[in-house]
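Heads up, the thing below is written out as structure tokens.
Here the chain labels run A, B, C and D in written order, and each chain numbers its own residues starting at 1.
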């Protein structure tokens, strides 16, 4: 008998259909990857198993765990199932833990709720479980509070809570999405280890095919509340049937076609960063001690030439965001110079308009980067403020708006819409249109595709590649995602602890990393193709 | 923690200093002379002058300020102009009415508001929730002095269960004294309880939408277990702020209620002080109230740190 | 994942508003009093200041719907004119709070962490620390009682409310990417505050404004109850209650009607505020 | 039959028992309500009437005193001789008088008290009472000789004021909070903001008080006062603040309502030194525009005697001049026209806190409006009133009750806030102060009353009533209030 059997599961919230006839199964000791983009219903499927659904939800079909129908269980009965038979791990480790309780208490709570044991006993089990998930007693006593742990460590605590009673089934909903790549690799390894040790079933929900490629035994691909394709992992990856699966697969490893760049090494560099230092004051340790300083950017120098796309990669906290803000003259530096097209971005009298005119930016969040009260016309023309009286007016202005909207694949008519009328991908196009409107020589792309679904991401990457070729633009492409950087840049810089540890031609760095850290990063980055090859070799 | 406390204490002292200057200066521009007030219409000018001299009103401004502050520093609030007793004594007498009244009202309001707010949140969007929220809407809209009048009309004039005002003193016994404070405390507590219940509800709803609540549910906790073990304590932070603010409000804001029920509290003292131009009393009481608010805010901050370990270690 | 945005819906806000039961009821109540106040400019059943001692302390009747007071004045007329005073005092004092508080808050937010920010916020805390009613009494002791001084006294305490609100909301917005975009476009703090921040905190200001408005009505009632609001013969709700207090056993109607007027107006404003908050808050809107 | 007998005996026993109950609880304690709490209890250094209402004739005594009808009678001085030139008063003091602290009272205490009151650094609110004293000499422990600078017809009257009581030098420093006097009651306790408690002084030299305990309870809120009396928390409220509820007490057999007069002459004062009130026609117009009955009905609930001049109607020398300033709006309008104000004018009307002023002011403003005078009301506190109106003379009109008895001389004072200047009136006053012959004095007093009425110095409204309510069983309360006092020495409960 299979461990979990989902049959014909349909679900609607206040009349809105979320899931229709979902069907898949999970066996003991089996890892099932459930893959889908936003709105595919993958999380709602998981919550249906847990029976933790919002008010006004109607469910039909069947979910059987070990042969027992979960949908017909009462709330009281479900409470006994949750945490005991089925554990769950969530996406956001930063908020998934109660901030005012110690990690020991939180793990022990699972035990006490279900086993009715005394606190001391529950704490002993909690200790043991934390050891299992890689939080040894010396460094992680039970009395730690969540805020004293890093994101990865917190995720381990959440996992410990979910597996403390060795459940039959573990559901992990995007467990690594909020984590850095190296941490992601560790958490995935931990989950795999736990599955092997306890023989439990694991549903691993993710939007990223590459994440599950290594460990999933079977794959379920969902779209708009339906399962479009399911099957054993390697076979399914190698022989996709459904067009959506194929598109998803293609988008995941998408490399836009790019012309070889013609880099003008002799001209004035579009961006020149020399010996930049940015420090933050730390709070005083004692009242009279001098406050210490944290060096977020430590003596960084580099150049970007005309026509060149340069990537800046690093994990969270490495200083790449601070560096970006410094380049954009949004933040002061303690020493060093930043020049755009030969002009200092920050002069004594503040940020230089002349330098800024040559540089534009595209941010990560397609929802937060526009004032919701303005129309697209006003949004995309905002950079003209930099040109003061030189800004075009009248017909010239209309032409520029049309030009930049059309450049990004929108139409001139879109200028009179509000931003909420656009989808996430379209908004990112508007953001690019805004960046293009002053005809800059450099565009800073700050995690510009990170928030997008893979298929949309592929389209935007194509657009960026195309623009760079056509308009002879230079990009500074900042991202934590190595695969994306690899796809779009000519040169890459790897940043760690405020310093650039390695720099070089993208392909050279990726195929032959020199620095230990670079190697670590590359090894940790999920790579679908490589993973499949490994598994095929192992199988053979 | 220690540097954090020190820093807070320094800013606290600076605030108090600023407050004392503001209070002192404001009172200097209040027209009217305490000496003339005391001596009435038939007084001769030189008599008034003699009294002013005796009260120390003829000293230079800065000197009076410094004497006052220096006195405050070691608990000497000066001698009341009209009552002719040490202001500290007056204040401590009145505090024995205002403080118990504030505590009484606060206890009432908290005892009513917390359960009610929690029930409303737990039973969100049910008839109970709508009912509770409707009643609290009314509670907020009712001016407390009007409510007090209605209480007097019902309980004192019609039913004669309580006396319509006055305070027999604690020497009359605990129960009679508490009885005299009951109607005023109810009048004060109703709007406060309404506000507190609403804050409790919305804070709890916010907490209930947190991720860790979902985590707790996934662990197998029932709804009520989750509420008790995870939500309530976390939701208490904003509630604590409001309770702190309310306490300081009750201490000072009861002026009108003290007037309606003729309670010899701090509010009345300062109100009388203003009409009698007994400015030394007024400035001392206002200073004391400001001090109380600032200290309570400080204590609430510390209470946060107790409730929330994140704040404990941040410093 | 559905698309959510903070302040998107501009199209059918009015329609949306009246779908909210709270808002509609609140609008109705508040509207009734505003209409009464406006109407009182041109017509009241009787002259609200006309004394007719012979007809004093009459209960509600066909001639005097809400009865007469201790001078024989018509209570309905007095409530209508009193609505005018109360609403005007509360409205202007909220205006003072917004006019002074919002720029201060925006300024503090734009210079977060600087000395200016520190001074503005500490000054705010200080104002909050003062017992409001006492200070209002002191202010009127200095300048004399009257509607204008009541406005000033209430207005002063509205300033920190709006300053804090504006600062808090603006601080969140300053981390929004569209603000970064505007900064990259070279716009200064003043321009950004006016162009991007202010319009996007308007919703919050409107909600808070409604609540402060209702608190202003209560504060005005309290002040005029202790004799510090609008001066006689101009009727004010608080003073009507103060007059009624001595007669509460003789003529309870004198206390009931003005009190009810205060409660209903404040209730109306609060309901409107609640309704508006629900409408503006997309989190709540989704869940409905 | 047997059963009936039994029943009847039981009833008789019950009746007897219930009849006896009051006898067991012979009531010797009284709680007296007062509107205002005294700021302190030293009548020699503050003007507040409340101080006297607690202490006068209860704790403190003077050489002479007022009786219930305002007549001057001996007190600590059991008799006196006046020298023929009227300059020397020899007071013979009562024997066996003790202060509450147990020390003996003697002529030295009299000298001390009078000298203290007239010293240059004295803070006595009525220092003028002592202005004519040249010297005070102790002849022997029971005789004091007071020498005046000039004859003063009202010297004995002056010595009866609460401000002229005799204190002990030993307790002078704590008089404000723990008063020590020679009266029938001694101070026990003061719960600030609520009540002052007095107890019978066993060492009293005169007829002992009938009550053992007197509590003065302070209740300023009229509805609280009403409820307190109704509930029996307060036994007597001599100056009851809620006159509107007196009808209710009148119809209730448990209570007696005592309505009398105070010395408070309530006037609408006009600034004679300022336009438009420098014009007598305008002042007369104001006087005719005012309907005293409406004011008394509307503001005082019908209590109060109309007056036409600045003099108490209960005084035998009072002249009723109300007809001279009768309510006649038409005449008022005509006068305004004559004075050059056909369309009236706008003036300020400053109102101090007492209800007679605040309520009366509203009615007067409405009445003045009918003849075209727009009076803009501004409510002021006492301190402001003293500062702006009384001291600064910065006002157009105000309403105020002058509570000092026999204060006609204020109209002769230069620089008084009325800004009234009349040589004719000054002459009358000068004659009065040296006149000793009763008939002559009476004639001069009448002339003075007429003079200010003819000059329409102020609009004279009504004599402030003393509206009291008390338990029907209380006997001995004053009806009138010739001076602020609640004399408890004669009060007792009848059964």
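Quick notes on this one:
Keep in mind that, in the parts below, a contact is a pair of C-beta atoms (placed from the backbone, for glycine too) under 8 Å apart; a residue touches a chain by one contact, two chains touch by 3 or more.
Keep in mind the model is a prediction, meaning the values are calculated, not measured.
Common neighbours of subunit B and subunit C, listed by label, are A, D. By number of C-beta pairs in contact, the leading pair of chains is B-D. Averaged Cα coordinates give subunit B a centre that lies 39 Å from the centre of subunit D.
Chain geometry summary: the mean Cα position of subunit A and that of subunit B are 50 Å apart. Subunit A and subunit D have Cα centroids lying 87 Å from one another. With each centre defined as the average position of its C-alpha atoms, the distance from subunit C to subunit D rounds to 46 Å. Annotation for subunit B: residues touching 2 or more other chains are 31-32, 149, 152, 157, 259-260, 274. Counting only residues that touch two or more partner chains, subunit C has 141, 245, 248-249. Residues of subunit D found to touch two or more other chains are 221, 223, 226-227, 353, 381, 384. Applying the touch criterion to all chain pairs gives A-B, A-C, B-C, B-D, C-D.
Residues 1-10, 176-178, 180-187, 195-196, 199-200 of subunit C touch subunit A in their complex. Those residues of subunit C that touch subunit B in the complex are listed here as 122, 125-126, 128-135, 137-138, 141-142, 214, 218, 221-222, 225-226, 238, 241, 244-245, 248-249, 252, 255, 259, 262-264, 266-267, 270-271, 274. Interface of subunit D with subunit B (complex): residues 39-40, 42, 45-48, 120-128, 176-177, 191-195, 217-221, 223-224, 226-228, 230-231, 233, 353, 381-384, 386-388, 390-391, 402, 404, 407.
Note for the complex: subunit B touches subunit D at residues 31-34, 36-44, 46-47, 50-51, 53-54, 82-85, 90, 93-94, 97, 149, 152, 156-157, 160, 163-169, 171, 259-265, 268-269, 274-278. Here subunit C touches subunit D in the complex through residues 49-51, 53, 56-57, 70-72, 141, 144-146, 227, 231-233, 245-250, going by the rule given at the top.
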